[in-house]
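Note that chain A is present in both complexes that follow, paired respectively with chain B and with chain C.
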Partner chain A sequence: MTDKRNNPKAWLYLLPAVILLLIFSFYPLINTFRMAFLNGYNGLAIIGGEKFTFGVENFRTVINNVDFKLYLRNTVLLCVLTVPISTVLALLIAVALNSIKPLQKVFQTVFFLPYVTNSIAIGMVFNAMFTQVGVGDLVQTYGIINNIIGLFGAEPINFVNTGSSWGANMFVVCTYIVWHALPFKILVLLGGLQNVNKQYYEAAKIDATSKTRTFFRITVPLVSPMLAYVVITSFIGGFKEYSSIVGIFGESMGPAGSSGQMNTIVGYVYNMLPKSNLGNASAASLILFGIILVVTAINGYVSKKKVHY
Partner chain B sequence: MKIVLQNLTKTFPSRNKKGETVVAVSDLDFEIPDGKLIGLLGPSGCGKSTTLYMICGLQKPTSGKIFFGDSDVTGLEPEHRGVGLVFQNYALYPHLTVRQNILFPLQNLKGPDKLSKEEMLSRATEAARLVQIDELMERKPSELSGGQQQRVAIARALVKAPRVLLLDEPLSNLDARLRLQTREEIKRIQRETGVTTVFVTHDQEEAMSISDMIVVMKEGVVQQIGEPQRVYDDPENLFVAKFLGTPPINVFDASVTGGFLCVGGDRLFEMPGEADREVVVGIRPEGFVPAGDGVIGGKLVNIEVMGRDCSVVFSNPACQKPTVRAIVDSDVRIAAGADAPVRFNLKKNKVFVFDRTTERRIMF
Partner chain C sequence: MAAAVKNAKAIDIASSRRAQTASNAVRLTVTYVFLFVMAVIVIFPFYWMVISSLKTFDEYRENVPTLWPRTIVFENFGTAFEKASLVDLFLHTLYVGVVSTVLSLIVTVLSAFAFSRLEFKGKNALFGLLMATMMVPGELYTITNYLTVAGKLPFFDEAVSWLDITNTFAVLIVPMLVSVYYIYLLRQTFLQIPNELYLAAKVDGTSDFKYLWKVMLPLSVSTVITITILKMMGAWNSYIWPRLVANDDAHKLITNGLRGASFVTETNETNYPAQMAAVFIVSIPLFLVFVFLRKYIMRGVSRSGIKG
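Showing the complex of A and B:
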């Protein structure tokens, strides 16, 4: 029998995939590291034949950048706010869905719709819902949310338009992200719930276990592997948040005139590209990579301790 | 706590046709005496598990009543019935240790029944000791063998001192050796606690060996209730006779002709006063006694020696199966090759006669 690891035929079959991976994954990955550690690396200058020295100047520039600090704060806040909220909501909805028989499929479809809808399109709809047309006393009409707020007699809030506050923007973006994140989480958690043997619940029922205790002592531990998966993936997704903000605010990454107050790290990376600040963009990417790596490691560590079996 | 089932019926809506129903359990009406171990026995689909689930309250009867002692529990939710249930695959919480699993029911107690932490722990330890798993308290269910899991499940069911203990196919997930051991264990635990216990099984040997009383069911209808030996010795119909006993009873097409019971050309017994008619005869394997001039016989197929006794397998055209199996003392030597004729006399109390159409027993 031939050694499977050195089977030339196997390599031949793998070749198309390997070539594509080399060109589009491994080379960019390695090149990102290279560019990040070349001081002041610049896409235009390299055509001029300029030589760069290795160093951490790019990282220093990025970290000392005032905008980057704001973007980092935005990104972290978005994660910290949306991941727990959407996970808890998704779990509650999944449990509710799992406990109804009629219309379960209908609701499942309804809840899944955001997942298959273009995120830019959703962002525009969110903008329309929260918007107001006109400024200050000259506002002519409001979006549906302000109309609803008006029904309760409260003052309209400037959510997304010129002069809107950072907090109001944050609220809209978080709402968007939570809503957009729900379907996938519901799907995963519902799958987990449906795999839980019903006899655990029958056993709990016979032992007179209260609903709350059943939820916390049986349901949550038994779907904890799915919960861990959902939390880890949504943290990763959260740190890469970008398209939601583009969808709501457009490329300005914030209300008009705010110089991008809702921007994120990925947004910063994109900002750097047209300026050919490839060194800074790479450094920022690597910082993001580092953050995600650490958070995922922490997640993994915690779930190893808390996730059962 | 005695359990009384009164005209208990359970129907399910049919899967394919609208409006039609499938009767799972029909008109169950019997009493389970206090402190006894009862086996609900029958082939799969006979309604025995449904009966068990109705007793514990996870399923509601379509009609009829259930009493625990004198109190009607028919409408009571399972959590208020005070029953302990051991599931077929144990349903131990996989994320909890053995101790936590056993403590779980106690931690649910509220109000006046609420126990202190020390009390809970001591009761859990006591239950664990009863089923002999007190050394495994810190393990997770996945680290236990099937038999150990079974014991944990029993401990969890017993720890809250239930009025009734219910076991659903308690031995079906165990291997043959463990099954023997565990069934004795169940009997011992039941004796020590004195709790009224109902268990469900399709294995007649299991039911016969440990039950104080067995209830044989078929297609949702009770066939016979009684002490295992009595039911075995005195089956009321052909189904019960066929279902109990390993190897199974030998069934022959027979007739009553001129006051004699005849199988093929052989006259077995006199049946005075019986009108001529077609019947079915069942003969237990241990009912055959080898005798050269015996009343029944056939062509020898094989002799299986099993040490203590041996099986004589022979063919008889009147038998409903291709071969007849007789169990005889291994001292008896039947030295004969294949196809040699063999003859047997019969022990009369091992021979049962049934009506061909109703399959009910005809006494003689």
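Showing the complex of A and C:
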């Protein structure tokens, strides 16, 4: 009964999971590669009994596609802009939280709030905050954000409405993504800070080390594993960005009149699907997978050299 | 002489200490101001959502927006319920959420048990394979799954119509049942239960299944709750898959319905107060989860950035 080495009954327990994974994970994985490398694959057999030929045509089509280039640029920029900003902000907030006693729990609760939200729903709130009501001379209100920046003497900016610029759109999307990314990062970094041995700080105090030096020489190295972790996960999340932009702009992925202006790689995949451009969709998703693998590998390499355990 | 030096030193220490307290006070003030400003920024969108949902359309459109509604109205909530048919959306989502959570828990518990307590050939290889799938972006699966649920089988050119399950509740539940992350989470919890308990149960002749049900599950309640909350929130927040495969009115889920709903007035303007009311209503269950079940989410979150 207690045969320790091989218990075939284990497979009975695993059966539901394995069957579902075979159908909905492993088969799709193989099939995506197949579709990506069949030239012009659209799910239908070519009339006359011909078969699709193997090749890299789909990849060539995708890479040379004007839309895809814009979406790729959007995605890369989103990552490059939001990951450092949100990580630095989260680290500052975590350090600040860790250094206070009264109100610490209150602040901690507040900063976790954006995590438990619906990214589409709150995206719509961001749209409302940045949007102007009315057009041209008939503008009734420029929106609350424009009113706030107006207090500092700035001219109202068309952030998300018809005719708004790519840069203004980018600003709104980045603001939202950073806002949304903070809670997870603060949580992880604060957890790391609270586990740092207090003796390091006491030693620094005795040596009269300045606070800045303490921060860069003690705090940052000691939380570097957590920093590496949040940077990797947010890069992966950033390259898969899609829902936040749907939240702000809707399915058109851009302001009225310039749909697709803010679209991303994932958005490209979902654009291709209903059009039966399965070969292109598969190729694009493999490119995304490749980017994520490379970024993860680079991050892993850098953190191996820099992360202090 | 010596006394004078001592005295001077004492004065020196005292003044440096005073300077230190002063700089500490400054630092503390700066810290609190920084945290306060960030907290305001974090809360502001929620605040804006709530007060906008309570404003009249005219007040919302005022040139300089009011920071507190001059007249508080609740009619926006009625408009929101009607325009977005929120009751239907809510019932669909509740049904999908409950059924998929129950089924998913069964699958997860059984697999986590096999991976943590049973010995079988290929166990480590299979677990490694499962872990590796966590690296793969979901979009890679979505393309083929989109075909599969429409009845398109491998090696067949034509879709099999009776296998087409698009626009059903099943299509929203079945493909999402297995989450490798939940299996991993529960396996870790199971592994913390001492093996002696299992061996003792074996000696007593308890079956594996009975042991799992009577001993392991009760000891792992908190992880089961974490998985339940994350899975329910997943159903509540899921957008892409439901939008793709079940976009009809009879099966629409709440997030998809919210984004797709039109809040346009007779004069063809977006009725922002009604829209914000709808967003508010959709956010309420999440706020309740946040208030009462925060610690379970935090426990799951700190181990992974994966949502739902």
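Everything that follows uses one rule, which is that the second predicted complex is superposed on the first by the 295 of 309 C-alpha atoms of A that agree within 3 Å, B and C clash if a C-alpha of one lies under 4 Å from a C-alpha of the other, contacts with A are read in each partner's own complex, and residues count from 1 in each chain.
Just so we're on the same page, a contact is a pair of C-beta atoms (placed from the backbone, for glycine too) under 8 Å apart; a residue touches a chain by one contact, two chains touch by 3 or more.
Given the structure is predicted, the values throughout are model-derived calculations rather than measurements.
Which of chain B and chain C touches more residues of chain A is settled by the count: it is C.
Shared-chain residue A:Ala283: touches no atom of chain B or chain C.
Once chain A of one complex is fitted onto chain A of the other, the partner contacts of A:Ile218 are limited to chain B, with no touch recorded for chain C.
Once the two complexes are overlaid on the shared chain, A:Ala203 sits against chain B while remaining clear of chain C. Touch criterion met: A:Gln140 reaches chain C, while chain B stays clear of it. Applying the stated contact rule after C-alpha superposition, one finds that A:Val231 touches neither chain B nor chain C. With the contact threshold set out at the top, not one residue of chain A is in contact with chain B in one structure and with chain C in the other. Those residues of chain A that touch chain C in the shared complex are 1-11, 13-14, 16-18, 20-21, 23-29, 31-32, 35, 43-45, 89, 92-93, 96-97, 99-100, 103, 107, 109-122, 124-126, 128-129, 131, 133-134, 140-141, 143-144, 147, 179, 182, 184, 187-188, 191, 211, 230, 233-234, 236-237, 239-240, 242-243, 246-247, 250-251, 266, 269-270, 273, 278, 281-282, 285-286, 288-289, 292-293, 296.
Listed in rising order, the residues of chain C touching chain A in the complex are 27-28, 31-32, 34-35, 38-39, 41-46, 48-49, 52, 60-65, 106-108, 110-111, 113-115, 118-121, 123, 126, 130, 133, 135-148, 152, 154, 157, 174-175, 177-178, 183, 199, 202, 208, 233, 236-237, 239-240, 244, 255, 258-259, 269-270, 272, 275-276, 279, 282-283, 286-287, 289-290, 294, 297-298, 301-302, 304-305. In the complex of the two chains, the chain B residues touching chain A come out as 56-58, 77-80, 83-85, 87, 89, 91, 93-95, 104-105, 107-109, 140, 142, 156, 160. Within the complex formed with chain B, the residues of chain A that make contact are 197, 199-200, 202-210, 213, 217-218, 221-222, 224, 308-309.
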